[in-house]
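Consider the two complexes below, in which chain A is the common component and chain B and chain C are the respective partners.
Up next is the complex of A and B:
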């Protein structure tokens, strides 16, 4: 069976206490606490794994302990030609440990595998589990004034509606940025709102003159507590709809990842037609997401003409989504066991016509952009993601494919209909903004071809299975989907009464942020916004900002225009009538 | 750069005069659910199906009305209500212009249906229209006259009384030992 080879090798290295299989390509090995770092390092570097996700879980009601699951995607290191595991041996191996509620401590894996850093910081925020030896122990997800001893995802911690009081701003603890050593370094704050993304995130650039020496960032200003919400009040019918609201762009990928995790946990196979439609919708999402990003990468560098043209083409992809799902966003469609809406013959015909338009026009515009020397100059050599850094931090999506590493979930772990589809994996060497945009362009072309193949091959079956399946408490599984930004991984442990026990949703960008500081280094401030943009971080917030004056507790809604005007002119402060 | 300008010339104007001309949506567009009060029987199927609690069906304070309420601000346009509604009182429409200026109450729609009180215990339990609808369905079901009369007598009483009445009818009011 798949995975056995890795378990055997791991067993020769550390003592495995128990092995359980969740799905044909997923096994979990329980190891002792002291063996944890070595087990993960061995699978990661020696056996060719990438860290897909790490889940902390409060299992005191099941086995009196907390549990940690380090899920590794075994696919090969991919650092050089041939450094890859055979296609039929690729799988997921999860290393599990139990952490006792008395001392709450486990040895940190981060010193050996840097990719774990964010996960281990989050495990402290959410569960109070302390990673012994973790170099960076700062908060990650929760705000700095969150009560010290309140760990929201512990089952007995709090009601999901509870909101602790805000601290007065002068009492609020300062977030410590990691500053580089040396004199003459100035701090340049970028944010709390990114200039093109309208996305909250505070970047602190440490500069020497114009050159960025190092960078640090504080994110999660918009943490929404979805995991807690789902555990407490959602049933499976509602969960998919919540999951798609994780992101405003690649929501569909989250919906299918979430629902497929629940399906995999009980080995539920969905009809082939539903599989094909899931792929079609997620590829449409890729079309509009990549067009958005390429457009913005032009816009940040001042190339408005190209930006406008790309957005004009993007409108066709939105039309396509409207046609096949009934909404410009592909929402409200995925349920456990299949889908709720079929595609008609007329819709397919019209879709093929629109696809043709997208295909030709994308090529034309890209050709024109490539013709523009000044545009290329702004992209080339900027924000380089070193191959080794990408490997160490398990980067995903166009970000890692732009660094010459052939990692694509659709290829490594073909899900749904992908087993029957042929497509080229876009891999470009260089690691700079140019390489990443090139990957996106190539993927636009392959997406068009994937959608066509799906239309052609999709059989006339039902789109949903007979809903007589039963969820099984304590069963868990991983599901993975290649979203436009990279692999989205959802992990679900089922609970009783139609509820999930634990839902861990890991968005693609989560794996791309930690390596960003390396991408900043050595670039100029003028390129900082472009570098962040080329990562394609999730743009889930809308064009409005609520400003809360902490002293008077008054708030006001600002339009994007107000804010931009203020940033430009520094006149008419939006805060003045709040005082 | 010149190539981009050529493209502009080739495709011409891409914008519409919206909102001065209507924007045409796809045939199976999922827009705001439209409610037809006259068809609604207050069965609450939509309220149970709605994943985001946009629809609620509840009695008002003095229980004289069964209030159907829809908050479009919560709606995710999934169409579940449309799927389950037995009378077609709620259907997804093509309407998508839903923005309101700060007054969110403009997004709320209500329908008040007369309450049916239980003829035995006088408790309110459903809407009058639901009873009427059920009776119509039964009348079409090809039942014998006597059977129909019997069924109709059950329609006007609340579930608790119905249960009691059934037990009484079956046991002729006497307690029996089941062997």
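Up next is the complex of A and C:
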């Protein structure tokens, strides 16, 4: 069986207490608390693993302990030619430890494996689990004025409707940025609203003259608590839709990752046609996401003409999505066991025609952009992600493939229909913005070819299996999807009564943020926005605005529609009934 | 009467500038496969901004408040110093001097920079220091070219220089003058602050990095001032190097506005394609070209051709 080799090697190193298998390529090994750092380090560096996700879980109702799951994708270090595990041996190995609720501490893995830093910070925010030896113990996810002793994801912590009192904005504690030593260093805040993406994220750049010496950032200004929401009241069919709303761009990847995690936990195989259509939809999503990012990389440098032309092409990819799913952006067709909507032959024919348009036009515009030496000079040598840094922090997606590491979930752990499709993995050396945009361009081309192959090989089966199944409580599984920004990993532990016990959704960008500060270093302020953009960051956005009148201290929630109406007509001011 | 014409010169420029801006936007949109806004959109934008109130952050001082008016007054004076509707015998002629325009330009830049610093917005601060750096690059080139013209024509009085050129005593048959005109046009384009010479370091919108904190009425006034500055800079080139002219002040005003409009609109062929320059890499490199052209002109003048 897969994974046995790694478990054997791990067993020779540390004492394994228990081994459980979740799926054919997923194994969990329970180790003792003191062995944890060594076990993760051994799998990560010696056996060639990448950290896919780390899940903290409140299992006091199951085994009277908290549990930590470090899920590693065993695929080889990929630092040089041949440093890769054979294709049929790639798998996921999860290291599990139990943390007792009395002392709540566990030894931190971060000093040995830097990729764990954000996960361990989040484990404190959500569960109050303290990583002993973690170099950076600041809050990550929750706001700075969150009550000290309230850990929202603990099962007994709080009702999901509960909102702790907000502090007055002038009483809010200041977030401490990690400031580098030295004199003459100027802070330049980029945010809290990012200047070009118009999304919430505070980047503090520490500059010596023009050059960025170091950077630190505070994100999660709009954490929406979706994991808590899903745990409490959603069934599996609803969760697919909730997961799709995690992101405004790559939501579909989240939807299938979430549903497939649940499907894997009960070993449910979905029909081939549904698999193919899921692949088509996620590749369409890749088309429009990459077009968006290449367009923005032009726009941030001031090349509006290229930006507009790329967005014109992007419109075709939205049209394609409309043909295949009925929706331009949020497709909403994933349910447990398959899909809700099939496509007809006419739609396939029309889709192939649009695909041809996209293919030729992308090539034309890209050639034009590449002819512009000034544009290439703005991209080359900027925001370099060193190969070793990428390895240490388990970066994903075009970010790591631009640094010359061939890491793609579609290739490492082929899921769904990808087993039957041939495609190229775009890997570009260099690690700069240019390399990342080049990866995206090459992926656009391979996406077009994947979609075409799917349409041609379209199996004639049903699109959904009978969704009567029995969910077994305490079963868990990982599901992984290569979203446009990289690997999305969802981890689901099932609970009773068709509800989830714990849902851990790890978006691609989560693994890319921690290495960003290394990309900033040594660049000029002029390129800061470009570097952030080339990462293709995905902030979570909400569509609601809160209006607060400072004088009367009253607040009111405006919906998107109210705000738009007011902006158009200037009537019915939302401020009126506040005074 | 001459006051009336001077007034007309300024008012017509203010009234017509948004139209040319609108045409440039429309044309730019065409090249970006967009329909684009109507050519009167800039008027609407200004009207909308003028209706809005102003905001002011706690860290600002009186500089922030007076800067828009100061900028507008400076650019208005700069535009009035261009002898379009008056000749060398008019009473304003003695104010219309190359040095007056240079110093008004410097005053404008100074106001612009301190208004950015005054807001304590880090991006405005960065933008301001960039604006100052652009000044270092462009002013040296401009002065080199102007020295050639001033010494060649024997005066720093603009109406006088224009008259000498029109009479045919000085002009493109003098190589140093002809070469200086190339560098001067280049540097005047840089002074208009359009891409690729706007501020990559600041906000994504051209000079708005410096103006990040301004809004409403203040922003509208600054927008008009910036447009007037662009007109003055292009006009400065036209007056010195293309002094076409009618005897009727109204006709020469119309001709002049048409020329400026032509330059203003067709500059989109430069600013619409390609990314903007960063200060470190490209700004330095590309400003070397006009500097060397200007130096050649100066050398040619010194050796007497």
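Operating definition for what follows: the second predicted complex is superposed on the first by the 538 of 579 C-alpha atoms of A that agree within 3 Å, B and C clash if a C-alpha of one lies under 4 Å from a C-alpha of the other, contacts with A are read in each partner's own complex, and residues count from 1 in each chain.
Keep this in mind: contacts are C-beta pairs under 8 Å (C-beta built on N, C-alpha and C of every residue); 3 or more make two chains touch, one makes a residue touch a chain.
Not measured: the values here are computed from a predicted model.
Engineer: When the two structures are laid over each other on chain A, do chain B and chain C clash or fit?
Structural biologist: Here the two partners, once superposed via chain A, fit next to each other without clashing.
Engineer: Of the partners chain B and chain C, which touch A:527 in the superposed model: first, second, both, neither?
Structural biologist: second
Engineer: With both complexes superposed on chain A, which partner does A:367 reach: first (chain B), second (chain C), both or neither?
Structural biologist: The first partner, chain B, only.
Engineer: Considering only touches as defined above, state whether A:465 meets chain B (first), chain C (second), both or neither.
Structural biologist: A:465 contacts neither chain B nor chain C.
Engineer: So, A:189: does it touch chain B (first), chain C (second), both, or neither?
Structural biologist: In the superposition, A:189 touches chain C alone.
Engineer: For A:322, using the defined touch cut-off, is the partner it touches chain B, chain C, both, or neither? Pick first, second, both or neither.
Structural biologist: Only chain B is touched by A:322; chain C is not.
Engineer: Once the structures are superposed on A, label A:331 by its partner contacts, choosing first (chain B), second (chain C), both or neither.
Structural biologist: It touches chain B, and chain C stays clear.
Engineer: A:237 in the overlay: touching chain B, chain C, both, or neither? Say first, second, both or neither.
Structural biologist: First partner only.
Engineer: Of the partners chain B and chain C, which touch A:305 in the superposed model: first, second, both, neither?
Structural biologist: Both partners, chain B and chain C.
Engineer: Would you please give the vertex angle at the Cα centre of chain A, with arms pointing to the Cα centres of chain B and chain C, as a multiple of 10°?
Structural biologist: Rounded to the nearest ten degrees, it is 100.
Engineer: Measuring by CA atoms in the overlay, how small does the chain B-chain C distance get, in Å?
Structural biologist: In the combined three-chain model, chain B comes within 5 Å of chain C at the C-alpha level.
Engineer: What part of chain A is shared between its chain B contacts and its chain C contacts?
Structural biologist: 305, 309, 312, 372, 374
Engineer: Please give the residue numbers of chain B that touch chain A in the complex, ascending.
Structural biologist: 1, 3-8, 11, 14, 25-26, 28-30, 51-52, 76-79, 83, 92
Engineer: Can you name the residues of chain A that touch chain C in the complex?
Structural biologist: So the residues of chain A in touch with chain C come to 186-189, 195-196, 210, 298-305, 307-309, 312, 372, 374-375, 377-378, 524-527, 529.
Engineer: Within their complex, state which residues of chain A touch chain B.
Structural biologist: Listed in rising order, the residues of chain A that touch chain B are 237-238, 241, 305-306, 309, 312, 315, 319, 322-323, 325-327, 331-333, 340, 347, 361, 364-365, 367-369, 371-372, 374.
Engineer: Would you tell me which residues of chain C are touching chain A in their complex?
Structural biologist: Interface residues on the chain C side: 28, 31-34, 122-123, 126, 195-196, 198, 200-201, 203-204, 272-282.
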